[in-house]
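What follows is a pair of complexes built around subunit A, which joins subunit B in one and subunit C in the other.
Showing the complex of A and B:
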């Protein structure tokens, strides 16, 4: 059952907010300031343009955003543990990037379509991806974890930046359909150095398609610091393509949500692509196979820990008197339940059968593939394997 | 119910990890995901979270042990309702299985890490097909060399999978072991593998260095344990491992293969010390750290040009003497991890200022414990600065694979003959060890004399280059 988590902007249909929309656009030239609505100490600061875009966020919704960030951090911790226990082959942690993922993921409509990298497991959670499906690929049990059309999110792209092209192409399709949905693509700072991302931005700008380029600048492309990759702010790169861009505090869930809504609104009105640089930090390793202490200054991690997205949201709730024991318990229970469900789904996942490999190659019958499958079945039979490896159940 | 936790592949294709420490003891009650151990892989130090809630029944491996992926490391007493999820098949997934008495390790139906398990014979056993000539079972003799670093596997005809090892193919081993061998200067072709299908293990490389055959696999090697020390602590037993182990192996290898000759030369280095003082006052060098070692290193590089025989290697395997046309200058350094000899690549191409900079960087890196394996490999000749400890002379042991090492003594103010009279001069002793297999006394002596001449009178360089 799909469990979409979204707080769709009341202005999502383009009613009202024109003034704010236009003035927000005015700030998107070069020399970006960092948009922030919640300070690291949890103070809600006002912003002349972006306040408008989160004015509908109630206390209840704020608590719910806090819950989601806590839950995906828990998913992340559990999956990392599962990898250490040999249950997953690999896991790309999102620790520290919760606000960037929840703030943007919760802004999307069900008919928007997400094209993400491998790290957006929090966005996948918002889209309603099943928890077991979330870890399917990382367990090596499938080539892809879920049906993209069931949740309107493509399965994560491992090739750095390739998904930006897919999103741009999808957005061209939306344009041809005359629909008002948006393609949203997620990638990291390192991806902005890739050809694919640059090509995608050229096409997105040329055709003025409804696509949002959501770049999570987590400061590290594995071991390569962002400052070596770009001598200007990443948001300024988009300007060169004629794409308006914003630079927001990626650890500030409200600022991210506001920026995403600005971009979505522009896309829905036919205003073309937007580039969002969410400035965050990868507090963990690149993947579970990485050791960041080999290349990273521990002081840097300490600095960013002080800007933690979840403690910041908690501090804001506390100032508002909303951070009750009850809320904290409720969030913890939810996180525990989600972690339990994911662990259970992961460890009880049936192994794929050898012939499953033929299942998802073509959607229509293919004689070449049939022959290969037949040969492979004969090969498997030569082992006299009683384990049912040759069972037709696995076949297409 | 007893459940075993077997070491998983913690980082995309690793075959082994070292247990650094246990965070729990036998009898401790642990919760799910509680950190139970710290483990170091070739890629990272990671914490192992407990896969069960239960009581620790047994720790199978001591800290400091290198464990193969798939080997049981800890057993838990788990109650059935202890919150562990039921597994997909009876034989549970991943690194977890129920313990059975005397059960031979077998491939588990699961994930990562186990694909490369060496205990399988490498290829699935096929039944002979009745429509073809019977295939002779040659599994036991399959000391197969994998078609490594090559192109598509599917082009391999079936027959070649049963090919015997042929010369010229890479000896079968794992990347960490290949790296170890490279670091220690061991040619894997000369090592006999005792692992399955002739796989060369870490122990094989080490015992090759020590000149002893490895024990048959399976023989339990007792791990020295500091806890075995008797009451009163009159002695401390430290397991031999890590850098200490490698240093020992390298020193033994060097001392008992290369016939060492050591020569001494005491020089009046007052002119060098005066030159250093002048350079420090100059604009180009004012920001750099200049020491007697800097000048000695430069003198060695100049002297090597005139005596290339000392910048060479005895290649036993190929029965060749390799003379290097470049100098990777090793500098022995005491580091937090023990003795290391990182080297300055292509030091012969450096100016004095560049050399001074490189020496400073090398020392700082070593002191910070951040020396990389690349820094340590590929040295061609070495210097050890025993003068910093106030020592005059010694008989240094060659860095394995190198033909010469120069020890630089302390600079002392001593009465010395100067222009026919006795004067207080600054004196230093140089000690040079060289490999007498490829360096004769004449070459060694000329080299040492050249180094001494430069330090005694830096202007002599004009007559040498």
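Showing the complex of A and C:
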């Protein structure tokens, strides 16, 4: 097994912090090294800059991060099974990206606001999204699973990269309000080629707004490898926009947490945007409808399996004598309970009613749509099933 | 009551909105220091600050996309797209996000965004400065689309659009920016006619002539010319293009039995087609003739020396009126 060395770029010159440990000075500039705090074999390696940012993480919290990652993997496996069993139409697996999602998701404050893609179900779990709501969209019962304001996370974006602009606009609002919360946007390596992501970086840099661009480089945009998107490291793209960036081992939950905290801290103190490239790997298909054997070398998967984020955290816990049978049983029980709850919520979810199709298109009366709804209600009623033709709340 | 230009009237409406609601913010290219290329936002940044009247980098998708984020945060953004032909880079954000977020989130997230677009031709500009893209947006559910044809409406309707909890595309007829009229900017937009209501401008008994935006003035001129020939035309300013106030149009066509619709945009798949179809469905037994469309051609907007051939003018509209009335016209003798 090839062991990654902890390498940190220290060649940055710009963007110094105002305080001692806003060191992330090394985070600005080209040719980023990979920030790593836990090696694939579970060794905790020290790092002159980033150790500071996770110095408060207790053994108990490490166990908790391990549990979170295990639980979301279980959610992912259960949802994939639900799709195979015909209960979900589709599911976008996050297998392999648990550390990137938990390490960042657990760094956020409740009043921060997340704008993510459709693969950040682990982040949604951190935000407290109801388990049933995680699968609502994929069962076809709604176009969005939850009320964004209930968990301060926008519902996942399907248009690639579009959410980065929403996060930047939201951050402009935070800045106007004089608040110290942060907008955090998640997207993939493929999204970095989209105009919206580039425009978002232009606006974020121009207005110096509190936004974190969290790019999970999982190496594949469906069948297209990251080298098709970029000839340079993705983190280096941010440099051209004048946005400080970091390249972290995305399968290392502590490194991700440290990097996210650096970025959040900078944003809260008025230091503007940060770009994080979390280097990870999509171990599963793009979605349950995809077949990666058509385009991927199986050896590549094997290489990345050796860097698995959960095995790595387990190895660290083991070295510290924390990976007890009791802990493992506790984590398994939690994961099973969560999976059961999600499955139950999924299979007992009530179907929407026919006239719900017209609901919420507008928030105010609309003569065109009201007429179409009225006509369709009459059509449905013509089958002698007036109950099916009415909805509880009407059009809005 | 003050006499002001069309552009100034919009400015007055924007100012009212900025004064009345601290959540109103303006975003666009050149709208701050310069006051907009048409000076519609003149003086607003000076009076309300750079955080409420924001000069943005040149990226239309980002202007609309950040407006979405601001709306998420509880703001009421007013976006300026500098020219009609520049709106297409923002098309995805408008169609996939602005229009759909309320539906997507089952009503949890409101998108009270107003997108101001100077539209239409007749000003001798190069390509991309004279387009009429309204049908793209009237075809997109979740959006409201309005146009204004006179300074008073310009002032009132912009305030109604901004206060609306749904996204509104607000088309401004740029060739009328310098037209002057008396405007009462103290009119309370809440008690004024709702923006989705059409307005009957002239009473008439022979033909219903439906227009909107820049062609309302042309339609009124055509009605005056027709009156000299003893033809009585009822001119309707549609104002709202999505939804169209069909009740008002139906009421008129049931009396006149004849309908002419005019717009600068090309004919196929245009708003005139939608109005003609809907009125035919609702008024078939009252119609004395097939609805007539007098529109721009299905061509890219032409170079300026030919634009007056593309734009429906008074004479082409009257030719359409003759067709509706079965009087001799340019197509007499042609079948179909």
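We take it that the second predicted complex is superposed on the first by the 359 of 396 C-alpha atoms of A that agree within 3 Å, B and C clash if a C-alpha of one lies under 4 Å from a C-alpha of the other, contacts with A are read in each partner's own complex, and residues count from 1 in each chain.
Operating definition for what follows: contacts are C-beta pairs under 8 Å (C-beta built on N, C-alpha and C of every residue); 3 or more make two chains touch, one makes a residue touch a chain.
The structure displayed is predicted, hence computed values, not measured ones.
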*asked:* Is A:144 touching anything from subunit B or subunit C once the two structures are fitted on A? First, second, both or neither.
replied: second
*Does the superposition put A:203 against subunit B (first), subunit C (second), both, or neither?*
second
*Pick one for A:155: touches subunit B only (first), subunit C only (second), both, or neither.*
second
*Residues of subunit A touched: more by subunit B or subunit C?*
C
*State whether A:113 touches subunit B only (first), subunit C only (second), both chains, or neither.*
second
*If you stack the two complexes on chain A, which partner ends up touching A:343: first (subunit B), second (subunit C), both, or neither?*
first
*Kindly classify A:329 by the partners it touches after superposition: subunit B alone (first), subunit C alone (second), both, or neither?*
neither
_So in the superposed three-chain picture, is A:169 touching just subunit B, just subunit C, both, or none of them (first/second/both/neither)?_
second
*asked:* Can you give me the overlap between the subunit B contact set and the subunit C contact set on subunit A?
replied: none
_If we count contacts the way the header does, which residues on subunit A are in touch with subunit C in the complex?_
113, 115, 142-144, 147-149, 154-155, 159, 162, 165-177, 183, 195-196, 199-200, 202-203, 206, 359-364, 366-369, 396
*Parts of subunit B lying in touch with subunit A, wherever the complex brings them together*: 5-12, 33, 43-49, 51, 85-89, 92-96, 109-113, 124-127, 129
*Would you tell me which residues of subunit C are touching subunit A in their complex?*
25, 51, 54, 56-57, 59, 61-62, 64-75, 77, 89, 92-93, 96-97, 100, 102-110, 141-142, 144, 164-166, 196, 242-247
*In the complex of these two chains, what residues of subunit A are touching subunit B?*
77-78, 81, 83-90, 139-140, 285, 287-291, 293-294, 343-344, 347-351, 382-384
